[in-house]
Structures are given as structure tokens and as C-alpha cells.
Amino acid sequence: MGEPFARIAAACAAIVVSVALAACGSSSSSTQSKTIPLGAVFSLTGPGGVYGPQQKNAAELAVEQINAKGGVDGKKLSITVLDDGSDKQQSAQVTQRLIQQNGVVALLGPTLSNSAVAAHPIADRLHTPMLAVSTTGLHIVGSCPYPCTYIFRDSLGEASAIPANIETYAAAAHPKTAVLLYPNDDKFSVDGAKIVEETAPRYGIKLLGVIQFTKAEADLSPFVSQAVSKRPDVIFITSLGAIPSTIMIDARQQGFKGKFLGGNGFNTAAVAKAAGAAGTGAQSASAYYLGNTFPSNAQFVSAYEQRYGVPPDQFAAQAYSGVLILANALERAGSSSDLANERDAVRAALETTSIETPLGPFRFTSTHDVSQTIWIIAENGAGGFRLVKSVKP
Amino acid sequence: MASPLLELSELRQYFGGVHALDGVSLSIEAGQVFGLIGPNGAGKTTLVNVLTGHARGGSGLVRIAGTDVAGKPPHLVASAGVARTFQGVRLYHELSAIANIIAGMHRQRMHDIGRELFAPLGRVRRARTARRAQALGLLELVGLPDEVADRPAATLAYGQQRRVEIARALALQPRLLILDEPTAGMNPLEKREIGRLLSRLSEGGLTILLIEHDMPLVMSVCSRVAVLDFGRKIADGEPQAVARDQKVLDAYLGTETSCGSASEDDTTQAEGATSSTAAAITTGARPATSQTRPGRGLRASDLHVHYGAVHAVRSVSLAVEEGEIVTLLGANGAGKSTLLATLSGVLRPSSGAATFDGLDLTRAKPARIVAHGIAHVPEGRQILGRLTVRENLELGGYTRGGSRRLAADITRLEERFPILAERRSMPAMTLSGGEQQVLAIARALIARPRLLLLDEPSLGLAPILAESVFGLIAELHRSGLTILLVEQNAHRALSLAQRGYVVETGRIAFSGSAVELQANPEVERAYLGSDPRL
Amino acid sequence: MGFFIQLLTDPVGFYNAHELLVAQCGVNALLAISIWLTLYAGQLALATAGFMAVGAYTSVLLAIHQHTSLVAGTVSGCALAAVIAALIGLPVLRLRGVFLAIATIGFGEALRFGVILNWPLTGEGQGLTNLGANPTGGILPVWISVAALAYLGWRITRTRLGQAWAAIREDELAAAASAIDVRAHKLVAFVLSAVIAAYAGALDAHLNFFVDPTEYGFDRTVQVLVFAVLGGIGSVAGPIVGAVALTALPEAARWASDYRDVLYGAILMVVVVFRPQGLIARRRQTRRPDGLWPRLRSRLGLAATRAQ
Amino acid sequence: MLTGQELLDGIFIGSIYALFALGYTLVFGVLGIINLAHSAVFMLGAVFAYSLVALHGVEFWLAAPLAIAGAGLLGAFIEFAALRPLRRRNAPPIAALISTLGFALACVGLIEQADGSGPLGWLWRDGANSVSFPAGTVPQTTYRLAGLTVPAPKLAILVISIVLWLALGRLVLRTQPGRAMRAVAENPRASALLGIDVDRVILLTVVGSSALAGLAGILFGVAIGDVSPYIGRDQIELRGLAVIVLGGMGNIPGTILGGYILGVIEVLALVLFGSGAHAGISFAILFLVLVVRPHGLLGTRAVERV
């Protein structure tokens, strides 16, 4: 064995040179003074890739539209969207890079709650406003374990969505019993579950059982059959990805006749599509309803469909609204020669936001959380949703 | 007199009901070179494993200088000063020769990891150079040049690996050195070097337990010899006395007359052998004859074989006529096995030509070559131990496809070698060394070869087994089979062969008729040495 | 402006923009060293993530409930890891190759699914919030540790202990015949490796405000294993280089945009095929072997050693 | 302690594990390496079948064999790109672990990015999303006998796993190709000298193993109603590994048995210890089994000749 240190150096050099050639191809993100640089941290690869792409599309669409209308007091917006690979470390890293290197005035993202708790502290520490557009977990804004005065959120937290959903259904059908199914190795799902466990009893719904499993379960049938065997009126599913649809299909197969209630995890076309007929009536509270006809939404939907050929979903709408909210704040903050001041000004301006978005009339609460109309929607069994009820804030 | 250095009493070891060791007692005095001989499967290696703690579950007493180490784990036995080598060499392949030896110094090295870790580099470096010097000394002692010191063990020639292993054992600074067939696969010259090494060591006061099949060596270096058979000690005493003991002659040594004739277990193969039965199992219809028919045999001209840096075979040209039996002699690592591997298509030559009966051996895949009538019985037999005996035979006919004639041939071979029928459905690894060699040859015959490449068929076999195998070879040849024989027992090989080649560092050094070669003083001096068995 | 261009032309700007990445490289280097230790002693032990969790949770829990200092928390985390490693090491280290790998994975996952996700104290699936975290404060301690461990790792391979490990890796029976206590030496390697993993876990936990159970799964261990193997396990330099290179790769490969994962996978394949012994491999390991046996093996194409 | 239904569920899951693990164990048995690309082939098998059925309107009964063939081709690619080069360089077995993992990562990454716009639009359009086969792809009838719910697809999986077990067992033990496989597994050098084309045997092994992975993936997709880039990696890989080790590496009956046992253990843990801890318990049991039987349930210690 020779001198490892010498070898480390040598090898590092070798790697640098080799990949540097590759890296030369990398896209330049230097920003000219007459544009206002914005940044976004979305999950375009990894499991979060279920949401990230729509967010990216919508955000870029919003920027184009604003620039087409002449930008923000004469200056064009530019947005740099970086992928965090659904990984919390990367999420924090790219946040830091966007702030320090691209000198962005404000940020959107990240896509996932797990990443947010890593990325947000960085943004706050560097005094840069960061607007969460899809994270619905607890402690994202308001009572964060870290200073989060620069953190805002325009996505509907499970803490408000799930209760609203339960309340609506309780009022309509007076269910007596329920079973809760969730993977216990996923923060999003556990957060949701805790909320259900708190809320359900308040509406006279008795939890006959809480059944946990892991995200890595090959077959959920045993868990579903345990749930079904308890003959509940309602099955709560606080989870996302493939799990809700798989459970729905399985439960119906095993003869479950009751209702599926859930959280934000239901609110993608993908879930509705995968569940198909089995998912008919599965009900959740959403920050967004595609069918709304008020102008701010109608224009957004038509523009989005025209541009990308598919209807936008909740995540697209929230990202799109996020850009509108930032642009509006920038406008009111007015421009400043000094980036730090500009960021502070934007932060201040955000607190007094009040605009029309595809989500409906929008303003922030004192804790920087969303205050908007909640749309209770149910799967229509054909890969889409129908509006059940709208709940004013 | 003081208590013996090593005392074994009533050593027993059972493997699945079989008495591998059935109450063996030995005692070795300090300074002795103690020879342990006996047929393959007699329990010699098992005895060593029990005493060094490598085999668990044995019973009996093992005393080293009075202290009982029976049932102790190997490292404690070693700490008590017992060093050993292994029958199949067990070096640390990725490590250099020198690193192998230094790793062997574990016992004598400073135990304070803290001081080793934080000592100033200067002192550490001095300690390392000291160790290295010591290791180089051991390399020199076992007769290896410094050049090999920094080569990975795996890249050393077989004979060199054995020497490195001995050096590693000596690095333990043992009181008792156990060598398990140290000269297996070595030619007479190398054997004599090992012999000298052993005497030098014992002059240095080291006690040695030597397991060996080479009787001349045992006779020349051992001051006392014990013989095992079927897990029992059948003789123990002065070498000369033991060598004359009738039981030993029957069970192990055999006599000149016993060559290829009947005796217990393994040797039964040779019983009642007649050319016609042999003919039936080898080349079927062809009438048995030992006349050579020129023209249709093996031709190799100007063969070169490289791997990376090493130029293993240099411009070798040889010919084996149909019906001939030709032997390849030469030191370890001279390139003999490499040459055979090239002829059977497993290795590709970098240049040169080789043909057999019209087939270009430098291009054809091994499968094609086997199908064309060349069967290769590799060094160390290479039977498939986890497969049954029967399956080994069936795979011998792989290139023939599953024909009914294949089954017929197997039956014929089983009649010819009853042991194969008896053990038909047992894993081949349960066979003894001699039986494995028979299986290896039988397996090759299933392919209905016209040319048989035999690589050291007597390797690791007790003299009497070796004889019976040589008898079988002679018989196969009589039945009309062409044979290219690589063999370390040069005298025996030349007594079988019609012609021979002597290979030296990849080149053909001498060639000629067996008689010429034996007469050639050059060859005699360089490769044969004097062998009392002729 | 490319990642490396900046690294070379504007190190300060690079550092400001990639502070966290640098810290992460360090943490991963520590983990790689931890798994390298067991590999060097010939054990495919995959409990790294498990012991990482032990260190992380212990230190954070102590910080939350006992308000202990980071140092005290880290030390106790390492101590606990050492105890656990010693306990499971005794029975498990009899296992070889894949069997050892799976048993140790079983331990790690049992710890995660059985204990961490079901014990209110450990915050179950929600994890723990660690108010005392300092995302950017870790770099110095982390990299000083890396340097120290690299030095020790390099020194230890030349000690009696290290050379005994190498011997055991190559052939346990032969090692025992050289008076090497195989079990004891394997256990020492296993425990040390666990302690380093716990140490890295504790440091890492204090770079994040959330201790997130999903961080300590099977795939984390595999990732660390890849660092070590790709870097080369011949010397301590390998795992460090492997960890740094592969941690930086996603950032360096931004140009591949959404196909970074594909590129990552492709690079693994290519590097391993062209440097089977790792980026940092001793010459003689990569040289074509010239013994008849190894040659035949390489010609016939089967690796010598088999996990049995 | 287990109701019939629960036992049945366990056996169903077990047979999925077993199907996946069969191919895994074949490659290990012959090559002595863990092929981490296996999970990717499993996933791609499901994806191929889905794309043929859902995107190209092929009848399932035709799509399935095509997808299996596709998986086999992937196996050939793995052998040529990730395994053979390493053998040629005499690389340690662990190197193959990395190269096959690389292949798996690349595959998952590619499918994940195929959102219909890219070059892979013909194969996959749902990116990281999970989809299920269109209703009516296969008869989804659910038999109810003796109070047990038996979905047809799962029954099929159970039957197929048993059939394959018998068939493969026979192939490996009784046929000449099977003997050749075992010969190569034990001693490639001797095998070559017997005229066995080592490379060809290995190629066939990897291709066959991959075809099995593909089959397992398709059945999983149909029975579980979940096809996504992650089904191999997240849902099956670790358990598949556990199963082949439980069964004693390279041991076919052991693998099937190991599959059933793990499946039943999981359900048992679920029933006895509640849903929260069941995963932890089953891993703990796996750990203990190995401590007690270091070479798996049906595994036999490879005799070490000293």
C-alpha cells in the first residue's frame, strides 16, 4: 500500500478533469440585471416526480404569461427550476446554490415535506423568501422547529384539509365507524393519520382500528382484509402514490361497501385513474377544483391545456398561483439596488398578499399559511373528480 | 527423558459414521523429523486437522510439551508453537509473497495497537524494514529469489507457492512444523531441494511432522516414520524397518511386481484388465493395437502463449502420432500444463499452429475439440465434487448429446471400474484420491477420445495407487488410445512412453525416444535425479 | 458555469454555493470508511444505516430530554452502538458473505421498522425535531474527523491488527493457523465500524432539524457500500474518494437534467467494468494475474471467491 | 392462531416472493453473484406487458409471452454489459453487485422520466406514477370457497410458482443442461475441459432468470394492480433477497419454501404483534433464522477441504 493521500489528490484531480469535460455542457444560469431572478426547487426525478413536472410546467407558464404582459414594473421575470431528486439533502443543497450563486430574489418549493424541513431553514438563514407550493405536512410554517420568518405556504395543509373533509362527510352521511390505514414509514402519511385520529372522534366517528403497514409492502390485501373484516362505514387512507388506489381496489374486491376518505394524497388524476371504478366517491379536500369557472381559473386551465395538452392538477395550480403571488409581492415591494433589501421587502409584501388565483381568492394567515376556499371533491370513477362542496375559509 | 514435544493418544474423529481416525497415538521427540505416511484417505490430513484444531469434534489427547491443547481453536494451538502448511496450498492470494510471510509473524509482533498506531512514522518504518528483512531471510531460506517478494501470491508458480507457504509457517517461529505433502507435484530435483531444506531446518533444532508420499524423501530425511491405514496406525518406527514391514508394503508401498495388479480398494480397477475390455470402453470398434499410425495425430508448431506480461510457452513444436504415448517432462511452471490447456482450447496461443486430425486447435472452441476426439484430464483431477459420480460420467459425454450409446458406454465403464458403480449416486467428493483419479480418467473416456491429455495423473497419490494408475494408462495405450502424458514421476513416465519432450521455461529443451532421454546425462542431471524405484 | 469550472476558478463562490454539499460529502466519507473497515476484514456487513440511526437518535434524544452537549450525545451514541455491535456481532460473525449481509440488513430493518417506527420516544414515523441543529456548522468537525480517520485508517492497515484483518479476508483457516484469533479480530472490525457509523449518524443528525427515519433504510446502506466498493477497498483512500465523487456527482451532472439518475447508474456500470477493483486500486490488484489458475479463471471468467 | 384467509394471504404473498426469487437464486447458484438488476427486469416485465396491453391494445395472452421474451433479452444485455466484462477481468463478485445495481438505477430512471413526451412514449407515459392494467385485462373473478376469498390472479400465481418449482427442479437435477449448469457453478475450468461452453451456459442462465423476473413482474402487476417504476426496487427486492438466503442460496426448492415461509411469517407477525411492528418482527425473525441456521433453511454448508 502506497501513500493514500497522494492517491486521493491524484484521483480527485482525475475525476475533476474527466467529469469537467462533461460539466462544460451545463446550462448557464447567470442573470442579467434587467430580469428578476426567481428560483424553484421541485422533485423532477425520484418518487416526487409524480408532482414535480406539473409544478415546473405551471411555474414556467406563469412566468411566460407575466413576461408577456410586460413583466413586473418593466423587468422580466426569469425562473431557474432545479431538481432535488426527491432527496432532502439535495433539496437543501440546491436551495443554497440558487440563493448564493443564482442570486434569486425568492424561491418556490420544495415539492415534498421531507425535503422542505431541510431546505426551508437554509432559505430562512439566508434571508430569502421561500414559498412552499405543495407541502402539506405539519410544522412547515408557523410553529416550525427552526426560524421560518421567510417561509410561506400556498398549499393546503392536511391540518385544515382533512378536518374539512371529515366534517363535510359527517354532516352529509353521519358515519358511525371507521378504520384508518396508513404506512408508518412515511412522514406525510403519519402526519395525516395523526390528524384523522384527532378529528374523527369529534364528529362521532369511532375508529375501530388503526392499521399500519410500510411503503414497501408487496401486497396490501392482508391489511385491507383486516380493515374490511371490521365492517366500518368509512376507510381513511392518509397516503399517496400507488397506495390509495391499491387499497380501494382491494377493499372493493373484498366486498367493502363504505366510503373512502383521505387527504391531499387523493388529489391527483393518477390516483383517480389507477383506482378507476373502485375509487368512485372517494372523497378528499382539495386546494383546487379543475371545474371552477371563475376567470382566474378558467384562463389558467385553458392556457395550461393549450400549452401542455393535459388539464392541470392541484399541484400545477398551486405552483402557478405561487408565481402569481411572488410577482404580486415583487410589484408591491418595488425594486431595490441591494438584493438583501429586495428580499426583505418581498418578504414583507408577501404578508399582505391578497389576489385572485386559480385556487380562488388568496391571502396568507398571520402564520404565513394559506387562507383560501377549500374544495371538497370526490373521484368520479373515470379518472376525474366532481365537486361535492366548497368550504369558505 | 523429558516429555515428548508432541504427544497424541487415542485420537478419534468420526465423519458421518466413518472412522476417519480410530484411536491413533503418536509421540514426537523434540528435534525429530517424523514422517507420517499411508494411503490416500487413511486419515493423515485429518490427524493434522484434529491436532491443530481445524477439525472440531474429535476426541483424544493432544499434548504439546506437556500442555493439553485438545479441542482448542486453531489460533491457540498455533500460539503454542505449532505451524502447519495445507495439502492444497492456502496462501493469501491478493497479498504479495512478502506480505503473506509478514502476516505469519502475527504471534511474535508487538501487541500494543495504540503504540503501533501513534508511534512516530520513523520508528514504524524502521520496524517495517526490520520485518521485511526478516521475511526476505525466510524467502531465501526456502530457496526463493527476492524478485518474487512483491508479486501477488496468486501469480506465483505452484512450487513457489508451496515454498512461500512454508516460509509463512516458519514466520510463526514454531517449535513444531507440520508439512502436508510439501513436494506434491514437484519434480525430483525440486523434491531434493525441499529435502535439503528440511534437513537444514531440523539441524537448526526444529521438530517436523512430515506427511509425504515420496518415499525416497521420507527415507532420506525422517528419523522416525508412522503409517496410517483406514484411520489406524499400522506401523511406527525406524524408516528402514517400516519400509520392510509387510502390512505397509501391502497397504501402501506395493512391490515392483504389484505394478498395475490387484490389491485392496482402489487398485481393484486394474484387476483382470484385458485389452479387449479396455478397447471396448475407449475407442469402441477399433481393434486394439499399439502400432503407431503416422499422419493423423497431434501436430503443434512454433506455439507461443502469453498472458499479459508473461510469455509462458515459447515456440514449442511437438508431434504425437496416432497410437503413440508421449510424455512431457519439466519443472513446475515450465509451461507443461499451459501447453495442454492450449491444446484443449481453454487457452488461446498468441501465435503458432496446432492441429489434430485436421482440426485447427488454435481456433476451435473447447467443446468442438472434445467432440473431435481430444479429452483432457487436468492436473488435480478437477472432478465435480458436488455432483454424483454418475453425473460426472454423464457430463463426460456432454458433447455427444444424450444418446443411448452414451448410457451403454457408462454401463461398460462401470463394469470395468466397479468402484464407480458402487459409488454411483454419491457426491464425487466423497471418493478417495485414487478413486477420484480413476473417475477423472473414466469421465474423459466417456467422450470416446482418440487423444488423451493426462496432466500429472499420479499427483498426490500413494505409491501403490500411483502404480495402479500407471497400469491403467499402459492398458489404455495398449487398447489403441493415443496419450500425451505430463508427469512429475519422470522415471515412471519414461518407462511408459515411447517418446518424450523435456520443457524448460516454456521451451522444448530436449526431445527424443524414452530410452535416449533416460540415457541423456544432461536430462538425468537436470530433471530426473536418481530414483531408487528404478 | 460548470460545477468544476467554478470549483477551479472561484473556490470561494463554489464553497458558499455548495457548503452543504461539502458537508454531505464528509458525512458520506465517514460512512464509507465505516463500511470499508468491515470489508477490509472480509465481512460484507450491511448494518451501517442501523448503527447510523443508533448514533443519530441517541444523541438527539439526549439533546432533547437531557440537554446534553453535542459531544456528550455523540459519545454516548457511539458507546451504545459499540455495545449493540458487540452483542449481535458474537452470533452473526459466524456467517459468511451474503448470509452475513442479509442478517445484518435484517438487524437494521428490524431496528427501523420494529423499534424506531413504533416507539413514541423516537417519534415513530414523524421522526424527531432537533432544535439544536446547525445545517452549516458541521463542515469543520466532519472534515476534521474524515482527515483523522483517513490517517488512522492508513496507519492501521500497517499494524499487526490491520495485517491480521487482511489475512482473515483472504483465508480464515490459514489466518487461524498463523495464530490469528479470527473471531476476535472480526468482532473488533465490526464494532469499530459500528462506532464510526454511529459517529457519522450523530454528526449528520445535528446538521438537520429533523431526524427522519426514512434516512436509515436498506438503500442508504447499499449507497454507502457503493461508495466504498467503487472507490476501492484496497486502502482507506478508496472509500473517501468514492464517497466524495458519488455524492458530488448529482450536482456535477446537472447538465444531464432529468436523466441524472440514468447517468449515475450508467457511470456505476462503466467505472466498475473498467476498474473492477475500484478507482483507487493497488496496481498489483488490477494487473492481469499470471498464475495458471487465476489466468484460467479470468479466461473462463469466474471470480475466484464465492460467497458461500 | 391464523385464520384460513390469513394463511392463504400469506401463501399468496409468499408465492410472489418465490417467483421473483427463483431467477435470483439461479444466477447466484451458477455465478455466485447477487444480480441487483433482477428487480429492474421484474419492473420492466410488468411495464412491457402493461404498455402492450394498455398502449398498443395487444391481447394480454399474447402480451405476456412477448413481455417475458423482452425480459429475457434484457437478461442477455445484462450478461454482455454488466457481467461478462467483469468475469473477463477476473473481478471480485462484489463488483457485479455494483454494475447490476447501476443497470437497475438506470432502468428506473429511464421509466420514471418517460412521461409520454420523451423517446420512450411508446413504452411508458406515466412517469413516476403507478398505474394498473385496464379492467378486464384478465378475468378478475374472485372465488369464494369455504368462506375464503380467492382472487383468480393470485390463485394463478400460486399454481405457476408450484409448476415452475417442479419444472426447474427437474431441469436442474435431471437434464444434461441442468447438470452443465451445476458443473459450471462448481468448477468452470473442469466444465470447459468436458466440452461445456461455459459462457453459453451462463448466458442461458441469466436470460432464463430474467425471463422469470419478467413473468413475476407481470403477475405482480396483474394481481396487485400496481405497475410503477418502483415496484421492483421498493416492493420486492429486499424480500426477494431475504427469500433466497432463507432458502439457502442457489437452492430451488429452498427458495420456493423460503418464499412461502416469509409470506406466512409476515402475516403471522401482523396478526400476533399488530400491524405496527409486523415488518420489524419479520426482519427480526429473518435475523434469528440465520443465526440459528447460518446457511439458510435448506442450505448446506459448503464443505471446506483443509
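Each chain carries a letter (A, B, C and D) given by its place in the written order, and its residues are counted from 1.
Note that a residue touches a chain if its C-beta (ideal position, glycine included) is under 8 Å from a C-beta of that chain, and two chains touch if they have at least 3 such contacts.
None of the values given here were measured: they were computed from a predicted structure.
Between C-D and A-D, more C-beta contact pairs join the chains of C-D.
In this assembly, the C-alpha centroid of subunit C lies 28 Å from the C-alpha centroid of subunit D.
Measuring from the averaged C-alpha position of subunit A to that of subunit D gives a distance of 35 Å. Centre-to-centre separation between subunit B and subunit D, using Cα means, comes to 43 Å.
Under the contact definition stated at the top, the residues of subunit D that touch 2 or more other chains are 109, 112-113, 189, 192, 238, 276, 279, 306.
In subunit A, the positions touching at least two other chains are 45-46, 184, 214.
Residue positions 112-113, 117-118, 158, 173, 258, 260-261, 288-289, 294, 296, 300, 304 of subunit C each touch two or more of the other chains. Touching pairs of chains, sorted by label, consist of A-C, A-D, B-C, B-D, C-D. Those residues of subunit C that touch subunit B in the shared complex are 152, 155-156, 158-161, 163-164, 166-167, 170-171, 173-182, 284-285, 287-296, 299-300, 304.
For subunit D in complex with subunit C, the touching residues are 28, 31-34, 81-82, 84-99, 101-110, 112-113, 184, 188-189, 192, 198-199, 202, 233, 238, 241-242, 245, 249, 276-277, 279-281, 283-284, 286-287, 290-291, 294-296, 301-302, 304, 306. On the subunit A side of its complex with subunit C, the touching residues are 1-2, 4-5, 7-8, 11-12, 14-16, 19-20, 22-28, 30, 44-46, 82-83, 85, 88-90, 92-93, 96-97, 100-101, 114, 117-118, 121-122, 125, 138-139, 145-146, 183-187, 189-191, 194, 214. Subunit B meets subunit D in the complex at residues 45, 49, 54-55, 86-88, 344, 346, 365-367, 369-371, 376, 378, 382-387, 391, 394-396, 398-399, 401-402, 429, 443, 447.
The residues of subunit A lying in touch with subunit D in their complex are 45-50, 53, 184, 210-223, 225-226, 241-242, 245-246, 249-250, 253-254, 268, 270, 273-274, 276-277.
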